[in-house]
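Below is one structure. I have some questions about it.
In order of appearance the chains are A, B, C, D and E, and numbering begins at 1 in each one.
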Amino acid sequence: QSATDGKVKIGILNDQSGVYADFGGKSSVEAAKMAVEDFGGKVLGVPVEIVDADHQNKPDIASNIARQWYDTEQVDAIMELTTSSVALAVQAIAKEKKKIDIVTGAATTDLTGKACSPYGFHWAYDTHALAVGTGGALVKQGGDSWFFLTADYAFGYSLEQQTTDYVKASGGTVVGAVRHPLSTQDFSSFLLQAQSSGAKVIGLANAGLDTSNAIKQAAEFGITQGGQHLAALLFTLAEVHGLGLEAAQGLTLTEGFYWNRDDESRAFAKKFFARTGKMPNMIHTGTYSAVTQYLKAVQKAGTDETEAVAKTLHEMPVDDVFGRGGTVGANGRMIHDMYLLQVKKPADSKEPWDYFNVLATIPGKEAYIDPAKSGCDLVK
Amino acid sequence: MTMIFGIPLQALLGQLLIGLINGSFYALLSLGLAIIFGLLRVINFAHGAQYMLGAFVAYLLLTYAGIGYWPSLILAPVIVGFGGAIIERLFLRRLYDLDPLYGLLFTFGLALAVEGTFRYLYGSSGQPYATPAALAGGANLGFMFLPIYRGWVVVVSLVVCLGTWLLIEKTKLGAYLRAATENAVLVQVFGVNVPVLLTLTYALGAGLAAFAGVLAAPIYQVSPLMGSNMIIVVFAVVVVGGMGSIMGAIITGYVLGIAEGLTKVFYPEASNIVIFVIMAIVLLIRPAGLFGRDA
Amino acid sequence: MADLLEVQGLNAWYGESHILHGVDMRVAEGETITILGRNGVGKTTTLRTITGIVRTRKGRISFAGSDMMHVPLHKTAHRGIGFVPEERGIFSTLTVSENLLLPPVVAKGGMTLDEIYELFPNLYERRGSPGTKLSGGEQQMLAIARILRTGVRLLILDEPTEGLAPVIVQRIGEVLQTLKGRGMTILLVEQNFRFASRIADRFYLMDHGQMVSEFPVGELPQRMDTLHKVLGV
Amino acid sequence: MTDITETLRTEKSRTAFSVQAGFLLVGLLLLLLAPFFFYPIFLMKLLCFALFACAFNLLLGYTGLLSFGHATFFGGAAYFTAYTVKSWGLPPELGILIGVIGAAFLGLVMGFFAIRRQGIYFAMITLALSQMFFFFCLQAEFTEGEDGIQSVPRGHLFGFIDLNDSTNMYYFVLAVFLVGILIIWRFINSPFGMILKSIRENESRAISLGYSVARYKLGAFVMSAALAGLAGAVKSIVFQFATLTDVAWQMSGEVILMTLLGGIGTLIGPVFGAGLVVALENYLATSEFPVTIITGIVFMICVLIFRRGIIGEFYASRLGRKLGFVYRR
Amino acid sequence: MAVSAIESQAKPRVVLSARGLRRDFGGFTAVKNVDLDVHDASVHALIGPNGAGKTTVFNLLTKFLQPTAGTITLMGTDITYTPPDKVARMGLVRSFQISAVFPHLSVLDNVRVALQRPNNLSTQFWRPLSALYRLNERAEQLLASVGLSKERDHIAADLSYGRKRVLEIATTLALDPKVLLLDEPMAGMGLEDVGVVSAIIRDVARDRAVLMVEHNLSVVANICQHVTVLQRGEILAEGDYATVSQDERVRVAYMGTEEH
């Protein structure tokens, strides 16, 4: 029993220089390396190797790298895959080449829906979980009319769509939406449209710096003073840190992990902080978890051969600092609890990186789409 | 709410104002391009990079030297202009005798290298730059909430554009510049050190771009690619205006900014391309541009 | 008389094409010299090479005793050479007075603005209008006037009467006479040698990039026939 | 500006002819054997870009027009092909044909506007128009925004050659490349090419001889666009992808670099230029060092001291001349 | 086509005519009130001091410049708004003041380029260059007629200035034009070439109209039947050489008199 080609190699493919670089970026590579070290550095008697690359959020660059990794560099699994367009592209290649991919960085539910792969897994979070978490919370607070600022690609559409569904199901209305290209710098004219729409909630169906910029500029144009509410549908610790508590306070957001949750998470975070100088968000930790689980599966399957590992991954329960009590659906979705968080006021933050109050824990079953209803044709 | 063509007045005026703000940047940048092109016959593709550098220098001054917005507003253009002067002396100068396309290609390469370097050093995500305290906040104009800083941008860009225009139209140095634009050799025969004039002109153009960059820093993120997105639109502005006159460059900049703002109200899908569409129409009617003279 | 300008074995090229093939000439202080020659023989090129505009050149040019071959173009004016080009070079975006004030004063002895306006009253009337709104004659006057301010020692003129009405030609002749009277040295290219004959002290005849003969104004009558032939008039 | 082809024609020297034929044969052999030694996808990418650069050079090198908008044709064709193959289920050869026709049409439209101005203005106008096309692609439904058109099936060529097999795919790309080069070669060395050359040499004279210069330029522009489109269309089949990268202005810049680096106005220079750039990018793709820094610096160096490009310098060198090459611009 | 239709009728004596031609550059009027009739089978000289507007008139007639006012008629067809390439195809062909050859083409190719269009060999992009070989014979004839046979394979740029002008004339003749406009065809030529070119022009003008700008008055006296004198954009005098050269105003403005 051994690795088929004498090595086990994991590729971390993510955005390391663009608008989503803070989400994961180089720090995620560290998280992956930590996972390998914590696992003992070897599996089935061969060393585990991590390679990484920056895909600049461009699906074509990502595909080229992925192809080359799978074809010529004996990479066994590719992980993280920030941003949905990239993840969809790479998952398609992985499926065709019968290789494993575990997505922790992208959000679209298509990955485990119509684009699902027997060898593809979706690990940290998804748009449905965000819609349920953040969208749901705001609707409950009375935000029953929405206007969306949507990133113009798969992720944005799916986040807007699922939040819309949720809002409508709760009796609310959506009064309009504008789409903006990835990495937009000036949101002012979009914000003016949102402002004059009169919606109670302006839903930011975007991510990363796009969201941060939109929030900052909304403040500049006095949008929150005007009584409208901003919903950052995808926002993590990293962005809160970048934006600062002053500007971010009061935002409601949903993450799959919070470092200050319990002792176990704090211990992990401390180690991570020592290596990267920042506290982990759900994507860093998700990547750690994905690498760990993959190695466990290889170990258990006794081979790095794709079919066997994929089978094991589907069957084996997840239990680590990230995915406590997680299970993997037949569509590849890892189902675990999510946390509804609120950003603290600057005065309430007791230590560096102490940013959130945990408002609620959303059970995995609620947060994620039932695999049977996901539209994935692998689920009978 | 008052409506105009089915559009709330508030939205219309708001977008117009935003168009004017964008127009301020277009005007500053196309002005710099026009000055450089007029004398050096170089289409300065690095103009976007110099705009970005202006913003970055301001950011770096703040981060590493604690120098704030106001001094940066002067310092950054001077620094970038100085860098431009060096580039002109060392490289651009060698290209004057060749097809002007080489100047375009050289500055294109320069832009790539500079932007690449900053992306390498700072990532493409961009750095925040705070609005100076004195200009923070906003004023409620009734139809919209105008951030004071953006109002300042419009005013200061108008002042700088007019100032530059006066410099060129009303001073001795400006006369040299205009004369050299027409016939550099003759001006040199008249004892003017035209090579130095060329250097100064390039520095001035680069400095103007950098100035626009500093102005932009608090509005947008300070990001390595902020200029490359801008420069192509500015090229279109320049084609529409034609390279004939300084005033033409300024006016076209503002007008197209506003046109873009209006499109955002009436047909937002086309807002990104409206300037290019206008360019195509102008080309059909007046190939030399609105203010251009036939080459 | 000392030679103010001395040119020896001057060769010049436009790109690949070799235009001047060893021009030799000298101009004494205070003298007025006219270069004659058919179209395209290199008269303009000679002037442009002496002023330093054409820089692919070989040979020797010395002015007031010092070598000019390595003087940068913008320094020639400061050495005391003033050039009025064939195409006059009036700047259209500059007003008449801006045009006038453009060349720097390089030495004492130049005319003041007032003197110039006195000499060319019609320029004074039009001092605020853009250069190219002037008539051809006015442009030519402006081109000459522009140099007079600077106090140069050698005035180089390329076909100053080209395309001008006879009255204006006459006016320009008078101006040049005045300058001559003040002791200015003048080097002139002229096709209209009847005009030239009234102000020049000496002639050079140019052909194929060389000076083929040289003669004082007195010999003009007996040279008329050869000139007619060579100049194809 | 002359190269292999022209010496063939004037047959100035027999030895030169055989030397060049030798080069050609060796080159061909290398291309045929390459997939046994190199990663086929890399080779296919290289060939696509080489064809793209040659098509671009047809315009810059032989018509004297610097287009800064060729990404439009390359990327546009990629979108058309990808869309028709994926959504309409067209076979690859038809998809490619549609891509080429689409690119030619885009070339006609862009050319119509741009031909009105010359030199730098031409460059700026093509740049602006291609940026307009970029925004169109960004917003149009069928291009699927930032996602691009993904998972384009490679399908079966003429119904029976399985392009999913990378060897088949490679030889198909090679064939397209060779046909493309052949077309360019014929185009340059044709009566039409002769007129193009004379227009570049002296435009007003050509007009005074009764040639409607604008139409000839437009013809060359459309041809160049169509061939650039061919390259893009094939690339979309190879990579099963069409994305915004291919229509972005950086792509237009890249193809200029390839051509400049290889040698403007030489038939095969751009092939070498493309090879170098693609290899460099491949090498740097997984390193952190942004490729644009290098690209930019190479650009500057080329413009400052190396304007003839690799092949141009070689032709102009003593060895090159001895072998019977001529470089004149 | 219109041209041949007209040709089949009685040949008009005036083949090219302009009425009230005017051209402004910015505020400056380079040409005004020019009426001009160029007759078939004759050589017509346009003379005048430098800057008089001769080249500008050429540019207007050949439509390289659009007149600000006035009309131009070529063999009965109004060409005031016809583009220059079309005008050339109608049979009005010009040469340039600065020699206009295709510098990097061979002498033969220079002439062949001109022959391609009338032989419908200019748009084929699918045919090899050898398709042009059938033009060689005609091209060589043309070269021989101007004495350039020896230089057939030279690169045009390598020719002397005078030979370039000769080549330019050969190229122009290749189009078999009805009306030829020659801008200073002999400027900068050696005496030998002047003779050759004068002879060619005279020969050519047997069944064509030639309008030429020329400074060399002995040439004008020799070969031109009509002379038009231009000054500051306006026509100063017109007629045959003898008349014109006696005209007092012409002598003052152009040739110069002892007194002015």
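To be clear about the criterion, a residue touches a chain if its C-beta (ideal position, glycine included) is under 8 Å from a C-beta of that chain, and two chains touch if they have at least 3 such contacts.
Only a predicted model underlies this, so the values are computations on that prediction, with no experimental measurement involved.
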Chains in simultaneous contact with subunit A and subunit E: D
Centroid comparison with subunit E (C-alpha atoms), farthest chain: A
Centre distance in Å when subunit B and subunit E are each reduced to the mean of their C-alpha atoms: 48
Between subunit B and subunit C, centroid-to-centroid distance (C-alpha), Å: 43
Chain centre separation (subunit B, subunit D; CA means) in Å: 33
Touching two or more other chains - residue numbers and ranges from subunit B: 119
Two or more partner chains touched - positions in subunit C: 92
Two or more partner chains touched - positions in subunit E: none
Pairs of chains, among all present, that meet the touch criterion: A-B, A-D, B-C, B-D, C-E, D-E
Footprint of subunit D on subunit A - complex, ascending: 16-17, 51-54, 57-61, 63-65, 67-68, 71-72, 84-85, 88-89, 92, 151-154, 179, 181-182
Subunit A to subunit B touching residues, read off their complex: 16-22, 56, 178, 183, 185-186, 188-189, 192-193, 195-196, 208-209, 213, 216, 220-222, 225-226, 242
In the complex, subunit C residues that touch subunit B: 51-53, 73-78, 83, 85, 89, 91-94, 98, 101-104, 106, 146, 150
Residues of subunit B touching subunit A in the complex: 8, 10-11, 14-15, 18, 21-22, 119, 123-126, 128, 131, 138, 140, 144-145, 147, 149-150, 219-221, 223, 225-226, 229, 261, 264, 268, 271
Subunit E-facing residues of subunit C, complex: 16-17, 39-40, 92, 132-133, 136, 159, 162-163, 165-166, 169-170, 191-195, 232-233
